[in-house]
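We call the chains A, B, C and D, going by the order they appear; numbering starts again at 1 in every chain.
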Amino acid sequence: MSNYGKAFALMRDAAQGPWRDYTRHTFVEGMKDGTLPRAAFLHYLRQDYVFLIHFSRAWALAVVKSETHSEMLTAVATVNALVAEEMQLHIGICEAAGISHEELFATPERAENLAYTRFVLEAGYSGDLLDLLAALTPCVMGYGEIGTRLASEATSEVYRDWINTYASDDYQGACKAVGELFDQALTRRIGEDFAASPRWDRLCQTFRTATELEVNFWQMGLTP
Amino acid sequence: MSNYGKAFALMRDAAQGPWRDYTRHTFVEGMKDGTLPRAAFLHYLRQDYVFLIHFSRAWALAVVKSETHSEMLTAVATVNALVAEEMQLHIGICEAAGISHEELFATPERAENLAYTRFVLEAGYSGDLLDLLAALTPCVMGYGEIGTRLASEATSEVYRDWINTYASDDYQGACKAVGELFDQALTRRIGEDFAASPRWDRLCQTFRTATELEVNFWQMGLTP
Amino acid sequence: MSNYGKAFALMRDAAQGPWRDYTRHTFVEGMKDGTLPRAAFLHYLRQDYVFLIHFSRAWALAVVKSETHSEMLTAVATVNALVAEEMQLHIGICEAAGISHEELFATPERAENLAYTRFVLEAGYSGDLLDLLAALTPCVMGYGEIGTRLASEATSEVYRDWINTYASDDYQGACKAVGELFDQALTRRIGEDFAASPRWDRLCQTFRTATELEVNFWQMGLTP
Amino acid sequence: MSNYGKAFALMRDAAQGPWRDYTRHTFVEGMKDGTLPRAAFLHYLRQDYVFLIHFSRAWALAVVKSETHSEMLTAVATVNALVAEEMQLHIGICEAAGISHEELFATPERAENLAYTRFVLEAGYSGDLLDLLAALTPCVMGYGEIGTRLASEATSEVYRDWINTYASDDYQGACKAVGELFDQALTRRIGEDFAASPRWDRLCQTFRTATELEVNFWQMGLTP
């Protein structure tokens, strides 16, 4: 079981159904056993690159919405990891498949993609850091869980690079750091007993909606 | 032909395909000839009520983003019209159909609905008044065009109330006011020759994306 | 004693010193006994007009940041009251003094003025509705208290119009509505026992800072 | 003469008076000849640390408001430089003077300080990247000009560390990068002939106001 903090564990449990649909989606299982068509994977990767542009912007918004130096540092580190590392992974795999950086950046954004990032950004703009983190964590942590599971369960080498990225110590460390940020940000704003706060249900709802948008994102990946 | 200002006419022409798909959608034609199932209409209306909550918030954001007294006044008037009048229409029709205001407010938001309003709000938060207006106008003006056309073409009385709302002098006046606001806001920020500005293509793209999200919204209406 | 709700009373008590400096400022006492120079008053009124433009934008942001229909309605009503009524008072008095609407709108904004409204707007953009309301209430409620007190204590008729505006049933009703909005918004987000929430101190600090910026605003009024 | 790009040169010329007051302020001249009292310097440094927290947040907002990968990269690099380097300088000098990091972070924010950062953040939130950059550049570039001038004109070693930071190749390189970002962001949004755009005057006004707020900041530095 992943260990990404207390708030994440509670929110995941409150969104059990969508969480399973997301982390065990056909697309994911297709990476596990190597049956996922290459065209679907590259289509997904291009959309995910566009996703990461806006997701990085959302993490930059977390810097803006920070109230302490420590909150700022974790959010800045995450922006750096996304812009400098994760986006590079996509550029590398795509270039190896003959898709140039220019083509990648110009990928037309699908509605399922746009829905997700705009939801996250708007949650952040309209709310405070907690609303934003509730919308950001399903992506960060879900990929962490999927990476860990597929690293041990994968029966094919086809998508090993992708799997290793998210199973890596670097990525798992980022998940833990985000989990700590979330727990501390919650404690600072609504107290240690998160679930007793009147805000808890709404935050869980934001987490659940983001999780459902992840499901739609994988589904889009299957329909290039 | 509608007369909602110069910028709108140019942007609509640049998004011709999606604009036709939006304003002549099966859902719309079903209101015209009365063949649209009542369940689909009520489902749409409930989603549209949730839509209007966020759309009103987006118009309030236009007040925040205003640079002149005149921009503020038009945006404030639109918020009032939405909150005080258009939302009342939905409450009224729904109550007549046995759906209480509480049920209406608690309608679970569909992904196609959420995608649209978050796109509009994020465009406004991240950009200036022009980016926001480019995302707001397809809904305002499209309903104006549909209302006018169906008022003369409708062959059934079933959806006459809905049609009359958007064909009314009040609503048509609002469309003209928004058209003037848009033209003046553009002139103030990028000059009278809109289409010559380097920003024009991006603004047209925002308008086009919002139009495509309207198509998805009608489509959702057909699948309760 | 004013009766503008529970949260306001608590926050005012926590900012006792600045609150006294604000509501009993030399400028205010000069309106009470009529010794305030006319030039200072007109200078203040012009700055206050510019202030109200941005303050109305901040209340429109409260609409954007609302989570319930009831929150939206109170915020919309306040925007209307500010834009349609309070700003008209300024336009009227200034016109009677030979200052045109154009001159009024073009008033160069003083640093003490700018500091205040940008602080309020930024608190709202970066935080949620509670952070925004904590920054908005000192102005709304303070003028309500000053109006009520001066209505009974004034020994001169010179500034009676100004006093009557803020002592009026309309304005006092608005203060009560804002007080209820604040109490309900707090209850919804951090529970009924406001002061027990970890956010309370920061919200009180925002209220206190806004109060200090009110003191600076009056001080500016004395130095045309 | 500094070489921080075309837009900066034009805006500085349009704000000549305030620019001179800012870059040749008594505080600055006191660092040049070493007559600035140590207490004033440390007081300024503590306020500047609080300033940098919010200024870093404003640069993070520039990441959020970016429309291209290149805009994002420059803005991310600037956030990193501010958070990782410039703030460290302050921590180091203050610690050497017996002021702990905790004390530093807890410095009560002066009104002149708050006015400036909230103005910058609000300009960014309400406008697009151009409005934000017009508010951000006076600080970045002004310190660059002051550093360069004092490096050659200083007649005392007392404030050599501070001077060297801003005269350094690193800092000067950052100024050039920001200058290029600004020129390219302007070209992308309002065309190469900046000054011909209807937005130019307003952008220059934002730059001028930020410059005036820099003058007030130095002035505050003289009054611990």
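As a convention for this text, contacts are C-beta pairs under 8 Å (C-beta built on N, C-alpha and C of every residue); 3 or more make two chains touch, one makes a residue touch a chain.
Only a predicted model underlies this, so the values are computations on that prediction, with no experimental measurement involved.
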Fraction-based call for chain C against chain B, same above half, different below: same
Most distant chain from chain A by Cα centroid: C
Chain centre separation in whole Å, for chain C relative to chain B (CA means): 34
Between chain D and chain C, distance of the C-alpha-averaged centres to the nearest whole Å: 32
Centre distance in Å when chain B and chain D are each reduced to the mean of their C-alpha atoms: 42
Multi-chain contact sites of chain B, meaning residues that touch two or more partners: 57, 64, 121, 125-126
Graph class of chain-chain contacts, one of line, ring, star, complete, other: complete
Residues of chain D touching chain B in the complex: 64-65, 67, 125-128, 131, 187-191, 197-199, 202
Parts of chain C lying in touch with chain D, wherever the complex brings them together: 57, 111, 114-115, 118-119, 121-122, 125-126, 209, 212-213, 216
Chain A residues within the chain D interface of the complex: 53, 56-58, 60-61, 63-64, 66, 69, 72-73, 75-76, 79-80, 83, 105, 121
